[in-house]
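I have a structure here, written as structure tokens, and I will follow up with some questions on it.
Chain nomenclature is as follows: A, B, C and D, assigned in order of appearance, with residue numbering initiated at 1 for each chain independently.
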Amino acid sequence: MIAYLTSPKALRAALPAVSFGIILLIIWFYSPFAVSYMGLNLMLQYAVPITLATIAQMFIITVNDLDLSIGSFVGLTACIGATLLADTPILGILALAACVAAYVAVGALIHWRNLPSIVVTLGMSFVWLGIAVLVLPTPGGTAPGWVKAIMGLKTPFVPFPIVAAAVIGIVVHFALMRSSYGVVLRGAGGNPKAIGRAGWSLLKTKMVMFGAAGFFGVLSGLALIGLTSAGDAHIADRYTLFTIAGVILGGGEFVGGRVSPIGAVLGALTLALTPQLMGFMKIPTDWQIGALGGILIIVLALRVLINRREA
Amino acid sequence: MERNIVSFERVAKHFGAVRALDGVDLNVKPGECLGLVGHNGAGKSTLMNVLAGTLTPDTGVIGIHGKDLKSSYGVPKANENGIRCVFQELSLCPNLTVAENARIFHPSLSGWGWKTKTGAMITEKLDEIFPGHGISSGDVVGDLKIGKRQMVEIARAFTLTDTPLHLVILDEPTSSLDAITARQLLEFVRKVVGDGLSCILISHVLGEVLEYSDRIVVMKDGLVVSERPAGDFDRNSLVAEMGNVIEMDEISEHQEREKLRGTTAVVVEVASGTQKLQAHQGEIIGLAGLAGHGQTGMLLGIYETAFGGKATGNVNGPVALVAGDRQTDGIFHLWSIAENIGVGSLSRMVRRGLIDPVAEAAIGETWQQRIKIKTPDMNNNILSLSGGNQQKALFARALASDAEIILMDDPMRGVDVGTKLEVYDLIRDEAEKGRTFLWYTTEMDELYNCDHTYVFRDGLIVADLSREELTEEKILHSSFKETA
Amino acid sequence: MNSLPIFKRLVEKPWIWSYVGMIVVWLATISYTGGKGGADVLTAALSFATFTVIVGIGQMFVITTGPGNVDLSIPATISFSGAVAMKIMDGSNSMLLIGLIVSLGCGLVVGVFNYMLIRVLRIPPIIATLSSSFLVLSTAIAYGRGLKIKPPGLLAEFATAQIYGVPILAIVVAGFAVVMGVVLNRTIYGRSVLAIGQNMRAAWLAGIKVEKIRFATYVLSAVLAALCGFVLAGFSGGASLNMGEEYLLGSIAVVVIGGTSVAGGKANVPGIWGAAMFMFLLVTMLNTFGASAGVRLILTGLIIVTVITIAGGDKPQR
Amino acid sequence: TLIATSVQADTSDKRIALSNNYAGNSWRQAMLQSWDKVTGAAVADGIVAEAPAFTTAENQVTEQAAQIQNLILQGYDAIVINAASPDALNGAVKQACDAGIVVVSFDGIVTEPCAYRIAVDFAGMGAVQIDYLAEHLPGGGNLLEIRGLAGVFVDDEISAGIHSGVAKHNQFNIVGSVHGNWAQDVAQKAVAGILPSLPEIAAVVTQGGDGYGAAQAFAAAGRPTPLIIMGNRHDELTWWKEQKDANGYETMSVSIAPGVSTLAFWVAQMVLDGADVPHDMIVPFLSISQDTLEESLANTQAGGVANVEYSLEDAKAVVAGK
């Protein structure tokens, strides 16, 4: 047991959690108050939508694709959420369902023509942004009350964002890592030919994964407006890069279907917490942007220690 | 008489100019083990791919259980009719565990507890076929060595749930197994055939086919050239049917060379436990033992030492490696055959700072001749080659390079008999010219080509045998010392 | 009869579709304007595509080394090198050479730093270059303070000069692209990059100096980004902190639309030119049509997706 | 009321933070420098305890919201904010107000009622350009509009102002419109692309900082230089001066002074001091005319932006609505 716990494999799996813990520890060192119910609630609120978007990205990465449109897609769903969903709920739900369907179609297209997902999703990012600008030409709108109520939930003992992250991580873990169809989905990333030879439809796996990504993108957009209470087409532009970084930080790999939902959640939380840490360390204005890079590097450098052991 | 499970008539498949199958008839009866042999590129795998539903033939009748399914045949139909295939290039998902890979085969395994169920099922099958396999159902396949991966894939093909199982195709199942495990598998095949299942066994180790199949079909250049009960063949007639006429009788010469040991300079020296691996210039050194006992690790250590990574010993001279696990260690799947060969000799092809396409083509042509790579055009993609021919290309890569020390990681996987003998000659010639070979092999016969053999167990050298001392018993004895 | 194989061979080229897209978009533009300004649009496209091509070539080599390899520090490097070079030259022609050397030096430093993160600290390239881009941008801010200093006259002249409507810079960069195409296909370095991109382990076992090649590739990308920063500052009258921003996804897009495989191991240089021109002309076409911002964005996206769909992906090998 | 004479609260132990979302252009750099300069002096004089500036690494609503939450946790007494979005930060701003923190927004203002707003009349900034053109080009003509970043409210407001101006002076006609994303290079690229297809252009209307890029694009295309409205950047003013000296070129320049950040600082200080401050204030934009060009150019740092910094007195005047 102890041998297993100190084995490189276990350490690598624990890495995302360790990175997150270390950042939390340093924050505690700067401001013990921040690591309280209220502090954690404040610091991690915006991690919830990022976590959801990161999971969406992870689904796509599982089948060896990459989604460069998730940021603008989240922006679009946020805009729909703050306008249609709030004004005419039925229409809003239909519109959001259409968004998910569009994701499914993109997945099907990529499979059908064997296209590089990077270009297709890059193109789609313009499409989503364009629709968002048409739906909501200038920022505004209001989030439906129930969305705000959910995001403002005061859970007992443990702050809502942590509960939410845990629930997301566990649900997705069971769906993708433990369920029997999840095996097929991950297998489609590991060796698509083998999955095809065993009689499964690769088209279906692509569509399921893109659909799941679209669904989580919608959740992310709604969670976001639940916090901001208003929409904005550009609200999540940078999610695209951050979600990719989150998946990788969580131990995922670009190809081969090697992903970890819990790792991805922790990766997203780490990325959300890093700027918070920076806020506490009085850094001169010029170097604030750089400091984020520096902290990321230091956190990631932990890998060396583990990889050294492995070598 | 029972109906044939498979009855193919005039099945043909062309890839551009290559006639992989040129009108093949094939029958498989219930409860028989059908041996399928043929030179590299004869069309065996193509035929099996058609049977497994992964390739659609251009023409021909696909009779399964007495019905012609030509138009609708595909993977789902094959599954429905209880036909499973262990492909030559393995078809496992490296990111999944052993149990998860087994689940892929059985859509009905789902719901709560599927993981336990599947794990038990595959472990049971592994225990049944390969006692003492040392694989856990929770192991991630990518972490397993190629031999173990092959065991998993074989065991998986024999697992049973609610779909029927009539025929298991084994396309070179023993190529990455050592002698002991190969025997375990073949005994198992006999047993299930006795129970009424049918198997198709493809192998280049003719002894296996002769001993374990009921009937043998010989293929040559996309055609079936002979089909008889196994008892009607012997090794020589089989070789003759395949179109090769060479036989081996060079053992005496080798004993001569063995006496030279020590007269040339030591080019490789690596300590291993209490023993020491030593290779002199011009020697052919065999690395023996059961698969996965540190032979590949030794070769990689030497390779890394030569390239200035870590220093595990002394290596004097440039090295090249012939990979055995061609999919992960050898092939550049986007490149042509010529490029795959040339990559080992890049610096020699440079003229005035640029790689000279003429020189590259020349190297390709030379080696196509010397090692008989079966292709109409060396500019074709490497994957258009049959498995054995891909392996030959990797051989050519190493031999074409200017390396003086050649490391071979069980390099004959899937190479046909005729070519093997030619390659043995080639190796001996090159050794005469001063090249040194370190040759890991799982085939006993190949060790007789070596001047000196080291036996590995648990990652260490446990025996050091000269050519005269070499016997199968000694090797087996050393490989199993602990348990014996 | 004879023309058929040529046509077929062309259709099989991965880069052809970016040129087809470019020509279609250009034709659509000039037919809208009734043929007016067709040549001038091409001139403009050439001058702006040039910058994308410079960074695109570096990005191409990085992407070709395999999945997960991408250089996200290009925008920061452009801004950094531009700012440093402009400040050092301070508009003086005599400092031109020194400015260029310092600028390329900036790229070298960034490239080495990126590689150290990837190799020594084993950080996945995408996060390594993202992190380093933050550091580089901070350095640019601290050093340049966002001030826009004019480039030396000679540099500005060179960067904007034309003969017969063809920008000199575009000619130079076209020449450079040809050289890099040869480097890709006919040198040991290029072959090694292609091999590593297909299978790093196999490349290592085939005797390729994997790590030296990866090092060279990341340095090449950063140095080209620095060069782009240098000429771009010359072209647009000074460096600004945000001048690299559009090259983040832009550099990736032109590489992939140009027919380079994101899975690694397959690359081509001509496609980068076609894709860079295509992207510029696409925006121009939609601007000319005068559609509203939303519609323009949607059409941009749909046209990109359409072109890539027609081009199709790799045919799977056996 | 009794404020005027009452003893005002002492703000020497108060801490004010600047929440900024972008540092990647010269305008933001000037804004941060003005802040440092003015608040540095204020801290030295003991007016406030500290007044650091915080910039997010990415120009994103979500990051700025998280940053505001961080500032709440750090217990600042007031947060001065240049917001990435007028509505989408309301959630975080509300949280700050609820924690008893004074929030003052400027340039990029927030709509949350509890916050103070120092608004720029962006629509006016657009309209004034056309008014100027109507005066100088009475015959009218074709206009090229360079816009900012699609989907951002500042872009919409300025553009709306321009379009209302064109509606009023119908001798003008917008024949082309491109998005320059407020980056000179992007603007130059977009203009260069559309220019060949456009008829003769009489004037270019802009949103700030795009003028020089437009001028270069016209020069590169070999087209006559139209009247280009400038945006107070040093390179624009320098180019204008050169043209003016060479051929008497006439135009105007209009933008917001980056020093508005210091006005916001003083407003925050006044609120903490107990002064009665209205929640909505308007700050004039800074415009430069043919006559004030030389003077403005002389006062502008090379490579920077024309600027005005505010003192407490200036702030009081603005608060009083003068």
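Rule of thumb we're sticking to: a contact is a pair of C-beta atoms (placed from the backbone, for glycine too) under 8 Å apart; a residue touches a chain by one contact, two chains touch by 3 or more.
Because the structure is a prediction, the values reported are computed rather than measured.
The most distant chain from chain A, with centres taken as the mean of CA atoms, is B. The pair with more inter-chain C-beta contacts, choosing from A-B and A-D, is A-D. Distance between chain centres (mean CA atoms), chain B to chain C: 44 Å. Rounded to a whole number, the gap between the C-alpha centres of chain A and chain D is 34 angstrom. The geometric centre of chain B is 71 Å away from that of chain D, both derived from CA atoms. For chain C, the set of residues touching two or more other chains reads 134, 137, 141, 261, 293-294, 297. In chain B, no position touches at least two other chains.
Contact of a single residue of chain A with at least two other chains is seen at positions 129, 132-133, 137, 288-289, 292-293. If the chains shown are joined wherever they touch, the resulting network has some other arrangement, not a path, ring, star or complete graph. Of all the residues in chain A, the ones that touch chain C in their complex are 64, 66, 68, 109, 113-120, 122-134, 137, 241, 244-245, 248-249, 253-255, 286-294, 296-297, 300-301, 303-304, 307. Those residues of chain D that touch chain A in the complex are listed here as 23, 32, 36, 52-63, 65-67, 69-74, 85-92, 95, 149-153, 156. Across the complex, chain A is touched by residues 67-68, 72, 117, 120-124, 126-128, 130-139, 141-142, 249, 252-253, 256-257, 261-263, 292-305, 308-309, 312-316 of chain C.
Interface residues of chain B, counted against chain A in their complex, comprise 52, 54, 75-76, 79, 85, 87, 91-96, 100-101, 103-105, 107, 109-111, 114-115, 142. Of all residues in chain A, only 178-181, 183-184, 186-187, 189-191, 193-200, 256-258 touch chain B in the complex they form.
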